Structure formats: C-alpha cells, structure tokens
Amino acid sequence: MSARAAQQPVLWPAFAATGAIACFAYLFLRVEAQWEVAALAVGAVLALLAFGRTRLGAAVGAAWSVRPVPLAWGALLAASVVVALFAEDHFALLLIATVLLYGLACLGLTIQFGYAGVVNFSGAAFFGVGGYTAAVLATHTALPHPLVLAAGGVLAGAIGSLLVLPLLRTRGHYAALITIAFAILFKTFLEVNDALGGPQGLKVPGMRMLGWSFNDNIPLGEQTELSFYLSYAVFSLLLLAGALLLMRRLERSWLGLSLDAVRIDETAAAVFGFEVARWKILAFTLGNVLAGVAGAAYAMMTGFVAPASFTFAESLIMVSIVILGGLGNPVGVLAAAALVLVLPEKLQVIQEYRFLLFSGFVILVLLFRPEGLLPRTLRQYLPGWGRA
Amino acid sequence: MLPRPLRAALCCALLLAAGAVGAKEAVKLVFIGPLTGGVSANGLGGRNAADLAVRLRNADAKARYRYELVALDDECKPNIGVQVATKASSDRSIVAGVTHYCSTVAMATVDVYHRFGLPVVVWGAVLPDITYAHDYAEVHRVNGTMINQNETAARFMTGLKYQRWAVIHDTTDYGKGHNKYFSEYLAKNGGRIVGTFGVTADQQDFSAELTKIKDLKPEVVYFGGITPLGVRIRTQMDKLGVKAVFQGTSGIVSDAYIEGLGPLAEGSLAFREGAPIEKLPGGKLFLEQYNAQKYNDPPEAYGAFAFAAANLVMDAIEKVGPDRKKVRSELNRTRDYQSVVGTITFDDRRQNAVPLITKFVVQDGRWIVWEDSEYANGKRKLIQP
Amino acid sequence: MDLSLLGQYVLNGLMLGTIYAMVAVGFTLFFGVLDVIKFSHGDVLMVGAFTGLVAYLGLSALGVQSNALLTLGVMLSAVLLIALLGAALARWLVLPLRGAPPINLLLITLMAGTVLREAIRLFYPAGANPKPFPRLLPADSVSFGALTLRFDSAILIALGLASIVAVHLLVTRTRLGLAIRAVAQDSETAQVVGMNFQRIVLVTFAIGSALAALAGVTAGLYYNEINFGMGLLLGVIGFSAAVVGGLGNLYGAILGGFLFAGLQTLGAVWFAVPAYKDVFAFAVVILVMTWRPTGLIAEQSAERV
Amino acid sequence: MSETATLLRCEGLSVRFGGLTALNRLDLRLRDGEILGLIGPNGSGKTTFFNALTGLYRAAGGRTWFAGAEITGLRPQAIYDAGIARTFQRSRLCLPLSVFDNLMIGNHRRLSLGLWFNLCRRSRFAQELQRHVERARALLAAFHPRLPERMFEPAGALGMIDRRRVEVCRALISEPRLLLLDEPSAGMTHDETRELMDDILAARERLPGLSIILIEHEMGVIERVSERCVVLNFGEKICEGPFAAVVADPQVQEAYLGSSS
C-alpha cells in the first residue's frame, strides 16, 4: 500500500462497495425471473473473484483496515436498510434470517478449522444440539428465552467436549473420521430414540423477549402489517454482528496468533511453548457454542426440529460454505452462505437438479480457486497496521 | 428441465388452451414434495401427477381459469419445508396447495399454512396428527391415515388365521407410525408379535435382523416402510431362508417394488387407502394419460392422490373463484367427491373419512386387488400358517 | 443361542466384512501413495454396480445365455470401466489439488461422489428407485438347523478374499508394486530415481477403484438389488474401516473391515432396536481411535522434524 | 571447571525407535556461554539429540540437567520456558503468516494470553503490542538493515537467507540461554552461510552468556565458530575436543570416509 493512501485513506470506495452489496442483496431477493436470478448469481461470483485484483478492491481493503469503525456502522446500517425494505415480505426475511443464522454457525466452524485447524464434519449436529435444547427448554420450562439460546450454546459446547479427547489424540484424516462418525451417530440416535420425538421431531415455541413475542406480526397503521420474521431477521443480524466483532478481536490478538501457530505447525508451536491442547479445546468449544446458539435461534424461528434437518449431508454443506468463502475469512463465509442457501431457493427451475449443479459448482471453485472466493488476508492487529 | 416429449406436450396443451379460449385468467397452485433425496421417487411421482392434472385441466376448454403449477422441493426436511411453505403461502398469487409426502415436514408446515391462510390438501403424508393434532381449517387430506390402513390390515390378516408376526419398520416417522398402529390393532385382533425390529432408512444389509427373525419362526413378516427397503428385505429374507408371508404397507404398492424383486414379489401383500385406481373409470384414464406423458418416473403409490388432490382444489376454484378464503370453505364442505382414488368426504377435521382400504397382493408380477386374485378364490395359496 | 444360529451370524459377518474390506483396501491404497482420502470411493462402487447391471442387460440383449459368461462379462466391464473412472478422478480432481490443504481434497472428492450419485438418480431410467440385480450364481443352498449356506454367498466371499489377496500380492511381489511402495515411502526420492510419479498414482487409483467396482458387483450379486444410495454408507464404513485398521496398511484395512462388520452384527443382536447398531459401531470407532490414535496397526514412520 | 559453570549436562541419554537405537547413552556437558559444534555423518543422531533435548522425542534412558535443574522427560513447552530455543533443519517458519507473527511465535513466553485481556482490553493490548513491535524491529535490524521494513510481509515472500535469519531471530527473541542451531547452512551458498554466522556471532555479543549447540556439515563454519566439537556416529559419541584435534582423530575420519576394513 502506498504511503499516501495510508495517511488519508479515502472512505468513499468502501462505502460505495457496501452500498453496492446491499443493492445486490436487495435485487437478488426481489427478482423472480429465472434468467435474472442466474445473471445476478454469475455476476456476484465474478465480482467476488475480481474484487481482490482490482485497484478498487485494494482501496476498499485499505479503507477498512485504517478506519474500520465508521465503515462497520455503515455496513450495519446498510444491512438494516435491506431488512427494512423487506419489512412486509415474509419469505425474503426468512431467507435473510436463515442466511444470517447459518452464517453464524459457519463462523463457528471457521474458528475451528479456519483458525485452529480442527476439522469438524459434524457442524450440523451441534447446530441440532442447540435446536433440540431450545425445543425442550422453551416447551417444558419457563426459562427466559435469551437464556434458552445461551443454554443451546453451552450444551453444544458440553457435548462437543465429549469429542475433545479423541480429537486431541488424533490428527488429519483420523480426526476427520471422529467428527464424521459423530455426525452419523448423532442423527441415527435422534431418529431411533423416542425421548426427543424420534423421527417426528419436536415443535418449538416462538421466541419472546422482554414481553415481545417474535411470532406476531407487527401492526403498523390500519392495514399495513410488518412480517413477524422482521423480529427474527433483526435479532439474527445483531447476533451475527456480535459474533463478527468477537471473531475480529479474536483473530487480531495473541489468541488468533496462537491458533494460527497451532494450525500451521503443531510441532514448532509446541517447541515455542504453545499449549496445543488448550488452543484446540478453546477453538473447538467456542465454535460449537456459536453453532449451538445459531441452532437454537433457528429452531425457534422455524418452529420445528427433526433429525432430518441435522444430517451428515447438512454438515457437508456447512463445510463447503466455510471453504468456498475462503478459509478463515468471516466476510467470505457470509458471502458463501448467502450464495449456497439463497441460490437454490431462487433457481426453482433446476428443482431436482439442484444438488448436482451445486456439487459441480463447488468442484469448479476448488479446482480453479482453491483459496475460496475471498481469501483470508494477513493479520492486522490494529487499524492501519503495518502501513506507516 | 422436463423431458423433451413432455415439453412438446406442454406446448401443444398451451396452444390448444390459448386457441380454444382467448386469454383466461391465470391461477397459481403450489405442489410441495420431496424432489431430491432418498424418497424423491415418490415426490417426483406426485409432482408429475399434479402436473398432469393441471395439464388436462388447461387442455379442457370449459375450464374458467388457466392454471399454473409451482412445484417446490421440501427435501423431506422440516426446516426446508417451512421455508418453501412460507414462500408459497406468502405469495398472494398462489391460491391453494397440494402438499407433502413426508409426515415430519407436514407436521412442521401446517402452522405456516394456518398463519397465512393458504388452503392445502395433503396428498401423501399419513401421520394422523397432521389433521387431528390441531384444528386448522386450511389443512385437508385426501389420503387416509395409517390408522385406517393398519386396522383393516390387522383384521384381514388375522382373518386368514395367521398368529405369529415379526415386525420390521424403518425408523422414519412413516415406519415407526405404522409399527405403532399395526401393533395396536393386531393385539385387538388377537395376533401375536414375536419380535419388532427398527432399521434405518438407508440400511443395506439386514442379515443380522433376519437371522434373528428366522430364529423366531414367524408366519408373517410385517414391513412398515417404503419400496427400496422393502425390496432389500424381501430379497434377503429369501437369501437367509426366512419362509414367511411378506406383508407390507401402502409404501410398497409400486411398480418399483415388483420391478425390484421380479418373481420374488409373488404373494407379497399390501394395503392402501382409497379405492383400487385401476377399477375406477377416472383411475384408468389417469394411468393412461400419465403414461402418455412419458414422465421420467412412475406415479408410485401416492401419485393418484396428488392427482385427485390437485383436481379437488381446481374444482373448488372453478366453483368459487381464485380466493383463498372461499376456496378454503369450499374445500371444507367437500362431500361425496368422486375422484380417481374413490369418493372423498372430509370429516370435521377435514380428513378424508371414506374408510375404504384396498388390499393388494402380487400375482404374476402385478399388484392385484385381493378380491379378484387367485389367492382369494383359492387357486393359489399363500404360505399357510 | 444354538451353534447353527451362531454360525449364521458369523457367515453374515464374513460376507459383510469381505465387502467392507474390499472398499477399505481402496482407501488405504490411495492414502498410501498420495496421503489423500478419496471420498467418492463409495459412489464409485455404486457406479461400478450400475455398470455391471448395464453390461448384463447389454449382453443378454445380445443373446448371451450362459450365467458364467454373463458373470464374467459383468465383472470385467465393471472393473475395466471403473478403473478408468478412478484414474480419471485422480487425474483431474485429485492430482491438481496436491499441495492444497487436505480438507479441500476431502471436499472435492465428496462433491465428486455427490455428482456421480445424483447423475445416476436423475439420468439412469427411473434411477431414484432400486434396481434388481440378476441372480447369476447358483442359488441352491445347504441348511444345518438355522444355518443356511448358499453357494452364491460362499462363492462371493471366496472371490472377494481372493481379489484382496491378489491386490496384496500385486503390491508386495511385482515391480509395479515395488514402484507403488516406493512412491508411498517417499515420493520425492521415487521421482528422483526416475519413476513416473503421475503414472504410478493413476495406476494405483485404477486398481483401488477396480476393487471397489468388484465390491459393487459383489454387493449386487449378493443382495440382488442396487440403488443410487448404496455407496453412501459403504463409503463411510470403508473409510472408517481403513482408518481404524491404520491407513496405508493393507492388513489394517482388512482387519478394520471385518471388525466393523462384527460390530454391526453384534449391535444388531444385542440391542432391542437393531437400528442402534450403527450408533454402537461408530461409537466404538471413536473409542478405538481414542485408544489407538493412528489405528490398530499404526503407521511405522515417526514424524520427521 | 566448576558445577555452576555447567549449563547443560546429559548422562546416558538414549533414544530408540522400535528396534533401532538412534541415540545410545550419550554423555554431554556444555559450559555456560560455550559454542559447541555437533558433527557426524547423516543419520548419526544429531537431530535426534535436539529432538530429545527439546522434548519432542521421549528419551528411552538417561537424564538431563539444564541450568542446575533436571529437565528429563519434560514437555517441549516446559523446556522452552526453561530457556532452550531451536531452529529446524528444514525451515519451519509459518510461511502464510507475517514475519512479525513468526517472531511473536518465538516470543510466546512474553505474550499475555488471557481471554479477557485479548478480547476486551484492546488499549492495554495495543500498548503491549507496540513494545513487542519495537523489540522485533531492533532484533531484525541487528541481523540485516533491510529486514525491519519487511516485517509485515508474509514470511513466504522472503528469500532463503532471510528466512533463515528470521528463523534464528524467532529462536533468539525469547532471549534463551541455550540456542540449538540445526544445520543453518542447509540450502544456502557459502557466502550466505558466512553472513548468517557473522550475524549470529554479532547477536551473541548483544545476548551475553548465550550458549549455542550447532549442527553443521560445513566444516569451515564449525572451525570458525565452535570452541569445542562432539562427533556422533550411529548414535554414539566417538570423539570430543577442539576442532583441530577432532578432525585428526582416525575414528572420525573412518566415520566420514567409511570404514576401510
């Protein structure tokens, strides 16, 4: 980065980019005509791929690295605007909230194998633990719902700790098998054992906070009514914003450094005094907690949990989101989540051919863009780091 | 994304419709079912059947509206189901729906339909709770529940003097539900269950379970599940020398079952709600038309129900116009409606109350209605107790 | 329980274990030469089974009557075509991703598997439904009490074990095998001494996939039914077997295969609800991995620092 | 020489892999501030010794004392905290990370790793960070004037010699009492090696009392920097003493030229 850009970084390209993304999101959720959807999707992918290479991209990067705070607020504002624009459109809001919550779960996975290198092929299982916790607690106890969400996270973390020992002792493919086995085991168990509704699954009551019921539409004037999904979308947005802040501070600290050290070279890390086990446990648990919270919120939004929603295949989709986005890059993960979750919904023509095309798409990305859509950049401990 | 001949057919149909009566008002219906994943065969069959109904209606000059079918995939996953149900319900241009093969998904989505006031007719999900667990005016069902099915099955089989059953069911809602109700009614009718075996829906090998069963020496093996598993289990029964009558549920009343087993299918029994399609004039037409369209996949056990449901909905619309509330109350009023699956009359919970259950047996590679089979008139014999 | 019944269980376990072992050996071969897990393996097996079926239909359409000939034709065509498929996957999906993080490789092969599976489901006529697989082997059987020994099962078990032994001999006794082991040991050196690394990798993948095809045909001939999803669980189980046994080790793969079959059979006998058997089997797998982090027959090489 | 002057003492240190013995009852003594050259043919157990010393390999037998305290069988982390740092034969920098990050990995002992501190006390963190940046800059400058400006580039962007320099810096930044250098010359030209050695010697001036054990094939290097040499062959110490004496020893020549019997 040239010194000049460092002294007074121009903010407008970054704001412009945020605006553009917001507009795109709006259009993408609005358009119905299949060719328009396809065009937008292709455009998005190309834009993402080009972004890093253009000078605009560089400028945006510079701005974000030097003056993150105003830009972050800008982004939050833009997101809220998009949500507000759909205030009456149930389906769009549901999609938005879904993307945000899956994104939250995938951020958890990012901490796990993007930072600490602990592969987790049972993300959906921990997502499910959160969901089932919410189902049980919200139905059978009077626990206030914020605590229910927390409980979902805690329980996911706790159940994850069952896998900690095997994961610490094993490496690479051996570790992968542990989580794969758990993913299958978990789903089968839920199905076979009737205590938690068996294959039927369970109903989950809607969320209420401070006397506010998320499942009621919000009357506005005489006839206009805002979708009840608005509450969920806004709430998910806040959750996600919080998670992003956490991720950022985690990555830009000695913690992030330690996780990277452990991921890249366990032996060297140990030789320089890093407690490998401690960092792996921290990352794995933190990741599962995020997945659990996301799962709990998602369950309360959709109002139903069943084993069929938390299969190994679901976990794979989460893993592909994390890798497609760019391993270790939260923003990339969100972009990928939006692409992977919304595109099939919009492209109804392809119906039963969806998975075929999706898999093909992932293969292409892995072949020609192995680092993902938005690769992770060097760590910047502080705003404007390494630019003076 | 439809096969070419079908696309051609579609064009013709549209041309006809357009030519016959200038521009009719377009009305949208939604079909929801599993188009991907393990049970997609049934979902695709249902989708095609509903599509066929719409096609025929559009080709009919007397129809007041031109219908468009929006087909959505619920992947047999409740969360996806809620998603697509919301999409359909919140789209005001969609007037009514023909929805769900998987009971879990139906259970998850009924609240959505109720909240958004979208009248739907369930075409395949058999769990009683879908209609009976709550009183939602929007939710109707043309197919019977597993209750009716198993009541008849139990009475009929004990009537044939069988006494010892071994039960295999898959651990999906479908299999588990069937196990529950069949066991209940069998007990009432004095049959005995010597062993019950839950198996996962994607299981390939059943030798361990069947070896156990062989040791229990049942006269009948009751299977609660759908075709793929049924085929595997029946085949492996033969491998391990388990000599017993194979009694299935509506889930195996499909060509795929017979194609999958060849001669081994002979003598398999199964029960399905509704009248025997082949015997109703409408049913014959349905099958002919279906084959004429050259769809990729057969209608499967519940295609006819999707067809009937689609027609039921369209008739309601023809009568009261494309208005959700009106259509809903019209559907609620359904009495003695003649369909390809027989008379449809909704009870106070909008469940098709016509308790007609057809018994099927495989004879010479075809599902034959029991009464006209050579087994009924004694020409052939099932494995005797 | 009486002996004949026990015998029946053992026989079932043997059949199952043979199939698992055939899959596991493939995994372990790939890992040996390239340190990769090719997760499409199970679906390659499935495609193998369908290739066999198509070959059967083709041959009988050509008027071939003799079951022996048909069996031979089915197996040959499956083995050959799938060997090619395996090599192709290695050439265009696996090799290009060497150097990328292993998780990328895992994911790309998983996705390749999905493509194969979905393709069969959508493009094979009525592929969403199970397909009958012809009974080509003598079906007559002898019974001792509860034990029914069918000749076809016996033949298949023998065939499967034979094929594994054949691969083992190939790897240990031939020059090709020497080359494979050399590459497995240390690919740099192997290249230095002028071995064509890529060719050896491709050959290895061809062999492993051929074995999978054979396993697919075996499963078809045994269950007389194949379906687009059959590879899904077989793949995961084969992988588990290979890992539990100790990756890169043929004996380990075989051991793992039979172990897993044993666990499932045991689980099915123990639990009131047999569906718990997979929960049981996979739980044990996790425990075994905790106990022996690099598998029952551990890899020899200590990590180079 | 007195007990206190001894920094490192190994007695009968042995390492075995399954059947073969990689290190056989090695006795070794290192004086405080000494530079010891460790030589021997490939596979003679030099690197194995380092790995055993740093706790990567478990010793099959023998005991080790460092700075008066026993460190036998301690974990790598504990040994690092005791003040032993090393480089690796094959460079083991974290190439995707910046040069600074790599140094901070070596600096682990001085980092405050508390969750609360890292996540919520950003201003305090910034201050600590600034201190470490300065130390890193100073250390790099001591090795090469141009290195500090490249501090925020990925380590992978550096050339071979600079990577070596950074790796040595990573080992030195924690100011250890004993530095283990595993073939610093590997993959470098003669002049580069010479440069690097000068840098190391210079750095030693700034860290008084730093002792070094150096594994090296380039006899020139050994001759120049080491005060004493230990020769290993097949995991056994076959000779010990000043370089001149050691190279003259017939056993050593046999070990290198292969036995003539």
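Letters A, B, C and D mark the chains in the order given here, with residues in each chain numbered from 1 onward.
By definition in this document, contacts are C-beta pairs under 8 Å (C-beta built on N, C-alpha and C of every residue); 3 or more make two chains touch, one makes a residue touch a chain.
Every value quoted in this text rests on a predicted model; they were computed, and no experiment measured them.
Colleague: Identify the chains adjacent to both chain C and chain D in the sense defined at the top.
Modeller: Chains touching both chain C and chain D: A.
Colleague: Taking mean CA positions as centres, which chain lies farthest from chain D?
Modeller: Chain centre farthest from chain D's centre: B.
Colleague: Any idea whether A-C or A-B has more C-beta pairs in contact?
Modeller: Between A-B and A-C, contacts are more numerous in A-C.
Colleague: What whole-number Å value describes the gap between the mean CA coordinates of chain A and chain B?
Modeller: Each chain's C-alpha centroid was found; their separation is 38 Å.
Colleague: Nearest whole angstrom, what separates the Cα centre of chain A from the Cα centre of chain D?
Modeller: The mean C-alpha positions of chain A and chain D differ by 42 Å.
Colleague: For chain B and chain D, let me know how many angstrom lie between their CA-based centres, rounded off.
Modeller: 73
Colleague: Which parts of chain A, given as residue numbers and ranges, touch two or more other chains?
Modeller: Residues 188, 191-192, 267, 352-353, 355.
Colleague: For chain C, what residues touch not just one other chain but two or more?
Modeller: 273, 275, 278, 305
Colleague: Using the touch definition from the top, which residues of chain D touch two or more other chains?
Modeller: 56, 88 - these are the residues of chain D that touch more than one other chain.
Colleague: Can you check the complex and tell me which residues of chain B touch chain C?
Modeller: These residues of chain B touch chain C: 38, 40-41, 44, 171, 197-200, 202-205, 207-209, 211-212, 214-215, 227-228, 231-232, 235-236, 239-241, 254, 256, 259-262, 296-298.
Colleague: Quick one: which bits of chain A touch chain C in the complex? Just the residue numbers, please.
Modeller: Where chain A meets chain C, its residues are 113, 119, 163, 165-166, 169-174, 176-178, 180-182, 184-185, 188-189, 191-192, 267, 312, 316, 319-320, 323, 327, 352-353, 355-356, 359-360, 362-363, 366-367, 370.
Colleague: Touching residues of chain B toward chain A in the complex: what are they?
Modeller: Residue positions touching the partner: 1, 35-36, 40, 44, 70-73, 76-80, 82-84, 86-87, 89-91, 102-104, 107-108, 111, 116, 127, 171-173, 176, 198, 200.
Colleague: Please name which positions on chain A make contact with chain D in the complex.
Modeller: Chain A reaches chain D through residues 246, 249-250, 253-255, 257-258, 260-261, 264-265, 267-275, 378-379, 381-382, 385-386.
Colleague: Across the complex, what residues on chain A touch chain B?
Modeller: Listed in rising order, the residues are 89-91, 94-95, 98, 188, 191-192, 198-201, 203, 227, 298, 302-306, 308-309, 345, 348-355.
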